[in-house]
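Note that subunit A is present in both complexes that follow, paired respectively with subunit B and with subunit C.
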Partner chain A sequence: MSPATAPPTRDGCRVTAGSVAVAVIAVIAWEIASHLSFVIPEPLDTFLALGRDLGDPRFLAGLRETLLAALAAFVLAMLIGGPAGLGLGLSRRARVVFSPIITMLNGIPKIVLYPVLLPVFHLGYGSKIVMGLLFGLFPVLINTAAGVREIPDVYWRLARSLRATRWQTLTRILLPAIRGPLLTGVRLAVSLSLVGVVLSEFFATERGLGRIVLSAYSSGDYAGMVSTILLLIAISFALSLFLWRLERRVR
Partner chain B sequence: MNVRAPDTPGARRPSVSRAPRRPWSGLAGAPAAVVLMVLAGVVAEVGAAAAWWAPDVLPAPSDLLPAAARIAGSPRFWQDALRTGAELLLSCVFGVVAGLGLGVAFWKAPGAGRVFEPYLVSFYAVPLVLFYPIAIVLIGINQWSVVVLASIMTAIPMTLNTWTGLRAIPPVYLRLAASIGCSRSQTLFRVALPAAAPYVVAGLRLGVAYALIGTVAMEFTTAQAGLGYQVRYLYESFDAVGMYAYILVIVAVSVLLTAVLEIAERLLPRGRDT
Partner chain C sequence: MSSPGTGVVLDDVRVEFRSSGRDGPVVAVDGITQEIPAGGFVSVVGPSGCGKSTLLSVIAGLRAATSGSVRINGRTVTGPDRDVGVMFQEDSVLPWKNVTDNVRFPLQIARVPRAGRPRLGPGHRPGRAAARRRIAQRAQEAIDLVGLGGFERRYPAELSGGMRQRVALARTLAMRPSVLLMDEPFAALDQQTRLLLGAEVRRIWGETHQTVLFVTHDISEAILLSQQVWVMSYRPGTILDVVDVDLPADRDASVVSTPRFNALHNRIWERLRTEAMRGFAQENRFPA
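Up next, the complex of A and B:
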């Protein structure tokens, strides 16, 4: 699953091999543990359960709904958090007024607000997209604002001396200057949007993988439960690993 | 042995690094936050009075506050608060100790650190709550399944920040420690960790925040007790006023905790310098 952005050095390869070895050891430990306790499904059974589920149209519909909701939440988080972070980074006054509120809102366990969202946005896509948005919004907003604030003054003087238009300043100077923090925000927002959506589905929803996990739990289908959780973790892991490597290359 | 910290450019991560700030800057906006909250309360009151929405969607604050006061006096509330508080405290203690240890270990053995780094970065805090259904199968629906996962959630930012902070120490500090014949533990506790303190404290703040978010989220998913569990229970028994009162309490606790940690983070590294 190692993305093509891996550094081609021998040292980098050794580290990647070590990381893969950690995963292999974890699977071996899992295999041994499954023989010690009857509640732990064997790794092979779990992979077979995943194969079985991926042939089930109900599971695929749930997967589709969860991923679409997470994608929508992520896109909204970027569309709202990016410009808001930009405004917050550029204006000192906005920072003074809003940063305590943002810090506070960021610290709230947002999932408890889900019952508040339900009557307003309903059980379908609406509520979980909004919850995913609440999870994903703050890392984008805070990292963008921090990135803009830390731009060296000389960049702004350069823009002025070249008589760059506002648009040129934004696309040629500002965005390249904050690409590192922005990518960090994007990386956190991707996995947090997914987590927000799945946690909402754990609570109450009509369709989605979170619901499938909990119904597998209550019917004692532990192989199906573990495989669905691992599928979700694998998706979030692959995306954030790819973005993390990209982030390191960009710096 | 490790006199020089490896100077990797990827080591600096804005999400974990501490922005240099004056301790009280930003608190000037606190009145704005209060005004906004009061405004939201007024809108909620007027909206409920004018029946813009059904009373179970958002009860009027004038109904909510007495209900919150009543709940705060009930033994059931204190049981739940104590349960959540104990889970939070245990997770923070375990997570901070484990995170500090791992951070130091990765600094001493950078190879091991780099091998585990992709996992730490990808599981950074919140995605771990997805493992909660597995934890309740393994451990049972009790406080320990929450504590185990919340401890890991606390340990990850602690590990990454401690490690980053130790790598950022100017090499001259360690050369000084070596030249005056510091023992290994003296070098670690008297030189290296104090020098990395700003990062460690930032990691502590993140870790405690994630422990709270994770604990409440896991209780909210399934549990037998706890503040998060009560929100779910009252939702399912259609007690909108009680549910909102608990949500209000959770929000108040998290705001308080965030404020305390924020102020502590601004004070501690300063105290070290002077």
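Up next, the complex of A and C:
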């Protein structure tokens, strides 16, 4: 790994200045747009609504439920998708047997399964976690399998010639060798798990941010609706950005 | 130089590959009965695809021969052995480790877990600290031996192809194997770097007295480095000729301009030329 911190450079300053400029322009455009259509709340109202919501225990409980469900979905996606991807990458026979069904399952719009999940996993955490899992699983599985298959054959011969144990080969060659694709899978799984959870909350649930967005919409509280959506985007964006930076740092 | 039974002994080694084509199995290597005395330096030359890597992987214990046997220092090869170091044709330096960690890698792998040893409590593991020091010291010796001193903290991506092959060599040498198998280690490098690294290998061999099998398709490299050259044929890969290199032991690159070097070169080239043409005809299904 390279040293974690690089000294601030002129380039870095310029990038930051650029980002700030883009943000300012976006807010101005938003302000103008809000005057053209009553559905679009003003930026100030939106930020006030966010402040109001973040002080509301019911909102915080919803935020907590959504994030917990997404976390559970993500962890399950890693626990299932990681080993399954390893198996698929390592075994030609497993690929022959499972590749078609995985491609097919990955291809269907997963949300159509939600009505099927509801009676099985119930309206609480169960169904949305499973939906988040369905969204997060495939990027982990597919990236891990592809990563394993791209490991140069000579690494396996190296491991064998050194008489490395299976465990040593797994932890000291295989896992480091697929660190890139694995991190890509993690990054996609994090945001897609959240997408899966929120999407199922839009359809049917008792609590959660998706539900809050929907009820804000029905009651015409557009500022509350937009601020909640922005909060979701910000959370997802921050996580992705962090993981993306991590990804770029690995060799 | 050696007592009988030591070194590398090949006895009628044959390797077939089942091919998907209609021609039946491909015989990659056939009827190879040869010997490298302990401490000897032998090169194998032959056209590409003639079975050099296959032969090497059989000696390394990475592939079983279809028939015949290999004995190393008196023991029949049944699988990989840490006393036999392999340097592969492909770039096998691990990109996520710096030079030092790459060279330490085999030593760390070889440190078998000492099961059933009583724990003396946390932090009280004199054995571990000593082992770590030994590994660090051995790796540093190998790094210095191949001239990588000063590059310890560099990552492979920051090194040239020649430097990366030095890392691979150091990694192989760190285990102090008594037999060194090198599969076209410098084939991907430019001519100057190849000459330089060849000279390094010969110098190191002069210091370590390992038994070396060096695979190459470069005739000059084979003559410059080794005591004996095996000339291999194409499909089936058999040994066509065994050429003893009767050049001075302390030779350097200037030896290429001597008449003796030229005579050896011509002899090997004549063998390979007819072989290469036969192989070309066979590949392209011309009437040979």
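Rule of thumb we're sticking to: the second predicted complex is superposed on the first by the 232 of 251 C-alpha atoms of A that agree within 3 Å, B and C clash if a C-alpha of one lies under 4 Å from a C-alpha of the other, contacts with A are read in each partner's own complex, and residues count from 1 in each chain.
Please note the rule applied: a residue touches a chain if its C-beta (ideal position, glycine included) is under 8 Å from a C-beta of that chain, and two chains touch if they have at least 3 such contacts.
Since this is a predicted model, take the numbers as computed values, not measurements.
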item	value
Clash or fit (per the criteria above) of subunit B with subunit C on subunit A	fit
Partner chain in contact with A:L170 - subunit B first, subunit C second, else both or neither	neither
Of subunit C and subunit B, partner touching more subunit A residues	B
Touching partner for A:P100 - first (subunit B), second (subunit C), both, neither	first
Which superposed partner A:F202 touches (first subunit B, second subunit C, both, neither)	first
Touched partner set for A:Y222, first subunit B, second subunit C, both or neither	first
Cα-centre angle that subunit B and subunit C span when viewed from subunit A, reported as a multiple of 10 degrees	90
Touched partner set for A:R179, first subunit B, second subunit C, both or neither	second
Which of subunit B and subunit C A:V39 touches, first, second, both or neither	first
First (subunit B), second (subunit C), both or neither touched by A:P152	second
Shortest span in Å between Cα atoms of subunit B and of subunit C, once chain A is used as the common reference	11
Overlapping contact positions on subunit A, where the subunit C interface meets the subunit B interface	251
Residue ranges of subunit A touching subunit B (in the complex, touch as defined)	15, 18-19, 21-22, 37, 39-40, 95-101, 103-104, 106-116, 119-120, 135, 139, 143, 146-147, 149-150, 180-181, 184-185, 188, 191-192, 194-195, 198-199, 202-203, 213-214, 217, 222, 225-226, 229, 232-233, 236-237, 240-241, 244, 247-248, 251
Residues on subunit A engaged by subunit C in the complex (per definition of touch)	152-155, 157-158, 160-164, 168, 172-173, 176-177, 179, 250-251
Footprint of subunit A on subunit C - complex, ascending	57, 60-62, 79-82, 84, 86, 88-92, 94-96, 105-106, 108-110, 155, 157, 175
Residues of subunit B defined as touching subunit A within the complex	9-10, 12-15, 19, 26-30, 32-33, 36, 53-54, 56-58, 111, 114-119, 121-124, 126-127, 129-131, 133-134, 136-138, 209, 212-213, 215-217, 220-222, 228, 231-232, 235, 243-244, 246-247, 250-251, 254-255, 257-259, 262
